[in-house]
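Each of the two complexes below includes chain A, the first together with chain B, the second together with chain C.
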Partner chain A sequence: MNRTLSGLLLIFAGAALVLLPLWANSGLVFLAGTTMVVGVFALSWNLLFGYAGLASFGSGGLFSIGAYTMAVMLRGGFEGQFLLLIALSTLAGGAVALAIGIVALRRSTGIFLAILTLALAELLRITLAKIHWVGAEDGIPNIVRPNFSIGLATVDLGRGNHYYWFLCIACALLVALSWWIAHGRFGRTLRTIRLDIERAAFMGVDTHRYRLVAFTISGAIAACAGALFAPWAQIVTPDIGNMMRSTQPILFTLLGGASSFWGPMIGAFLFSAIEFSTRTLVGIQEIITGSILLGVVLLFPTGVAGAWNALIARLTARPRRDEATSAALQPVKE
Partner chain B sequence: MRLNRRHFLATSAAGLGALAMPGILRAQQGEAVRIGLITTLSGPGQLYGNYIKDGSEIAVERLNAAGGVNGAKIELVVRDDKNSPEGAVTAFRELTGNGIKLFAQGTFTANLLGTLPLLEDADVTMVMVGASALALTHEAYNPRAFRLGFSSPMCFGGYGNLMAQKHPEIEKWAMLRSDVTALADITNAFSNGLKAETEKAGRKVEVLDPVLVPYGGADFRNQISNIIGSGAPGLFNVLQGADAISYYKQARTFSLDEKFKVLCDSANEFAIAKAMGANTPASLWSWTGWYPAANKDNAVSDEVHKAYIKLRGDEYPNWYIGVSHDSILTIANAVAKAGSLDAAKLVPTIETETPQGALGKIHFRKEDHAFAGDLTYIRFGRDDKNANGWSVFETAQLPGAEFLERATPGSKLN
Partner chain C sequence: MFTLVNGLTTGMAVFLVAAGLTLVFGIMRILNFAHGAFFMIGAYVASTLVGSAPRSVLALVAAAVVAALVVGVLGIVVQRFVLRRIQHVDEHYMLIATFAVMLVCVGFVKLIWGLEFLSVDPPPGIDTGVEIFSLFVPSFSLFIISSGVVVFLVLDFVIHRAWTGKMITAIARDGWMAELLGINVPAGIMAAVGGSFALAGLAGGLLLPNQTLSPALGDTFLLLAFITVVIGGLGNVRGAFIAAILLGLIDGLNTMLLPAYPGVAVYVGMVAFLLLWPNGILGESRL
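Let's turn to the complex of A and B:
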């Protein structure tokens, strides 16, 4: 029943998102598009944290690499190759993540890796703020939403809500890809490494290689999200990869639940909903948002998704005493 | 001409009432005229955003007390840009989705650059509050937007000009600035203004290369020693916020104000005196966007000043108060005169109208919509007789239009 209900909810949420521009205010549509992108970004972060057990505090830097690559190429007049540009931005993010991973993952994990990635992201932000070719602190404004051809068909993403629907499709594909990665053999091996790295190594798993690949895939998806975001916001600035951006996926994952694949996405939408509904409460908005987050983290240590799973499990099956294990140690739910 | 409150309000009301209002506004009579205000109300920029909100609310209160716009009340719809372009775009799209066509937005350039490309589709008219970046009236120029702010060439070119007039005896100037590229525009503008006025008078002046200090630094003693050793009797400081306070505190131990005949600060105005009290330098010039005491014959300025004191109990308001007040006033005046909310009618009205604001007559250069009002400079310093420990000694005003950079709407300056 849990899967059926969750599947129905997913279909309902997807349909609501696709149909949103038909009835909602353009501000809400923009916010929904932004939330989809940062939701995918958070999913990419949780591939590392929830599956590989690695915490990066610098994922904003990879998001920024994708966004800047896209912005620079569109400014250069390559809008006709938009799909190739997305692939190029994704590859750029993946390549940078691979290079960082090769250097960092053997030497540092835990808090050291977190601080190292944070420092690298800040270095990138400061460097971008000093390069006039990419607009220095003011960034690159007026980014076009491209018009490109696929075979005989021409797609004009600059018209009406076309780019929003393109985002729906692109984000759905990225979510599906992440799901496939997380729930396949690769994802299961990562979870084995997260739960007991020594045991995994004893069993013959090349733990470093798996973590490096996970780091690269996560970086590539983060950069892809950034590349999708640049034409959506129509401006990129160095702050697109600042510390706040890097903490976004952590916050969403805490809110939604790190133990669920959907947790970061749920967290992203909940967070946006809270922010949007409190937007007129100037001065106390942060207090309200912070209090809600604190409440959720204290009341539901496994996040909203974990609480939902627990509720459905309680409704559908008689709980057994021996299943009362610590919520924090629960593996990622299928 | 002396303009008092009664005169201003009566003139406005009569002028607005006499206009033959087009159908669109008649249809809206009695409904509120909504103005969206997008500013920074969270994060590090909220200090300025709060000033902008206060100034805008004072404007709305004053205008509504005088009858609003053609009988309709003004409603200010405030949104936080969360100090990011996407925050500004979300707020902009939400408000335009709700039918708002009039906007005032500040503070940060990048946030404005995020919303400017959206004005046309939403048929929006915007006043950019306090914005100084050249890009806004040059390469990113949008014919629907007006910059009620002061560009570097304007206010610091004027600053150099003023110092050349006030202190013709000084033939050598030193400069000190934070190691931030954007601040180089300020020292360049000051130097250009100083040289232009000095050469016009048939004299020569030497301006030394700026001594650089680290941005966000805490120890400026080496650089202070360098500028004292330069032998220049004039000094122009370009540091911002907390850096400036640390610098002036350390400079005090070097008796900086005794080593230089003239000390100039770029734009920290009363922030230094408020922070340092009786330890404020003996005499310090600064540019400001608005200082009520400098506008002695301006009833609007007096009223805004009184309203701010009533609101916050602070006798020395930040200049953003006056600028944001005048931004709302500009929009309201244009709606009243044009009798429409359409940008096609509002834009030419703002281009030609010169309403009386707190800053003086508010007018924009037609070619690029750059603010062309007056420039204000203040000299203040330590004063043991005042309970604050400091006083304002002197003010000066210059016509800003004379110092505006060349208009190049749509393309980069130079």
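Let's turn to the complex of A and C:
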């Protein structure tokens, strides 16, 4: 029952997103596209947090690496090879994440990893803001939306809503990939490590290597989201990887629920909806966003997805009621 | 030499902000994301009191003290309603909760003081410079350096020499046992957290001149204060003091040697420090 209902909701939400340009104005379409990209970005972060138990506060840096790689390549005139460029940006993000992971993960977790990644992302942002080759503070404007060709068919992504639909497909693929990673053997091993690292090591799991791979995959997907975002926004600036960007996935994930795979996505759309509906109220917007977040952390530590699952479980199965309530009380449901 | 003075000024400014942050961590084990926002509120309150041109140094200090009181009271409110409830949950949820508090604070600042940039001049008496060994030093720098040192000495006395430090240590180590021994634990925590927040307000007031006030003010200082606190060892005031000086000097050298890339060396230095001493130079401390 729970599965069917949630699945139906998912299909409904997906269909609504795909059909959005048919009735909504371009501002709303842009917002929806952005939300999809940052939703995927948040998913990549939760792959690290919810499954490997590592909190990075510098994911914005990897997002901006992807975006800048894409922007520089498109400016360099490689528009014909759009798919290749996405792959290249993804690889760039993965490589940087791997390098950081090799140095950082063995020594530090918890708050130290958080601060270290925060500092690295900030370092990248400051450096980008000073390099004239990538436009310094002004960034790279007028990024073209290139042509996209598979075999014989060529689609001009610059026209109309083509890039939006391309984003829909790309994000769906990335979500499917994340789902596959999270629910396969790899994801299950990661959860074992998060729950009890000593026991996992005792059972013969190379915990350091698993965490490093998770860090790399998460970084690669974050960079991929950045690469998709650059032609969508058509401008990249150093602020694309600022502290707010790094905290975005954290907010989305905790609002939506870190224990659920879909939590970050739900959080991203809820957050966008709140921001969109309060966009004209200067100051009040922050107060409302902050209060909602505070309320969620204090009252529903499992996030919206956790509250939803608990509600469904309570509605559908009366005898299992106490199980649902106890699940709602735990900060992270296993 | 000029680099040294500049570096020390930056360092002490950062220390003023970092002191409260590290104290809250020492007492409650919470890394407070909202600290920068409270620093900002302190600055705004003080600027409302003194106007854009304060009349004397005394007026500025008085305004800073009032700001400290206001922010201290706010801190007690936040402690009662938020911090106390999240003390025993996963540390990531603490970061999120305090981040939410920060958003609320920034929202209120935008509502009350608006989005325009405000600025405050240094008051007469410290608006010029003095010559020390044929070196022109802005007296406002001296003011900040001495404020930092005074705040450090007072804190060090309160924590390591006076009975208050012992009491707070007892509460932070084992609240239940401290309660059995007849210590009023809730009042102690409240006083200590209120004091830590008051430090943020005080810093806001003292650092007010030569500062552009905008709702983004908190972020700049927050990150530097985070770095200081982590390098110095979480919860360790002495460590934070040393780390702040080091950071200031690194930043000063950076401005001198690499003027094209301001602020880069601080982060490079921090990454190096974190990798070499992951627990901070003086180690983590529970006060």
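What we mean here is this: the second predicted complex is superposed on the first by the 316 of 334 C-alpha atoms of A that agree within 3 Å, B and C clash if a C-alpha of one lies under 4 Å from a C-alpha of the other, contacts with A are read in each partner's own complex, and residues count from 1 in each chain.
Please note the rule applied: contacts are C-beta pairs under 8 Å (C-beta built on N, C-alpha and C of every residue); 3 or more make two chains touch, one makes a residue touch a chain.
The structure presented is a predicted model; accordingly, all values stated were derived computationally and were not measured.
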Clash or fit (per the criteria above) of chain B with chain C on chain A: clash
Per-residue touch tally on chain A - higher for chain B or for chain C: C
Chain B versus chain C as contact partner of A:V103, first or second or both or neither: second
Touching partner for A:Q285 - first (chain B), second (chain C), both, neither: both
Chain B versus chain C as contact partner of A:F148, first or second or both or neither: neither
Which superposed partner A:W165 touches (first chain B, second chain C, both, neither): neither
Touched partner set for A:A136, first chain B, second chain C, both or neither: first
Touching partner for A:F78 - first (chain B), second (chain C), both, neither: neither
Which superposed partner A:Q234 touches (first chain B, second chain C, both, neither): first
Touched partner set for A:W179, first chain B, second chain C, both or neither: neither
Touching both chain B and chain C, residues of chain A: 130, 282-283, 285-286
Interfacial residue positions of chain C with respect to chain A in the complex: 31, 82, 85-86, 89-93, 95-97, 99-111, 115, 219, 223, 226-227, 230, 234, 260-261, 263-264, 267-268, 270-271, 274-275, 278
Touching residues (chain side chain A, partner chain B) in the complex: 25-31, 34, 130, 132, 136-139, 141-142, 233-235, 237, 239, 279, 282-283, 285-286
Partner chain C, residues of chain A touching it in the complex: 49, 55, 103-104, 107-108, 110-112, 114-116, 118-120, 122-123, 126-127, 130, 243, 247, 250-251, 254, 282-291, 293-294, 297-298, 301, 331-332
In the complex with chain A, residue positions of chain B that touch it: 41-42, 53, 78-80, 83-86, 89-98, 109-110, 113-114, 116-118, 133, 135, 140, 181-182
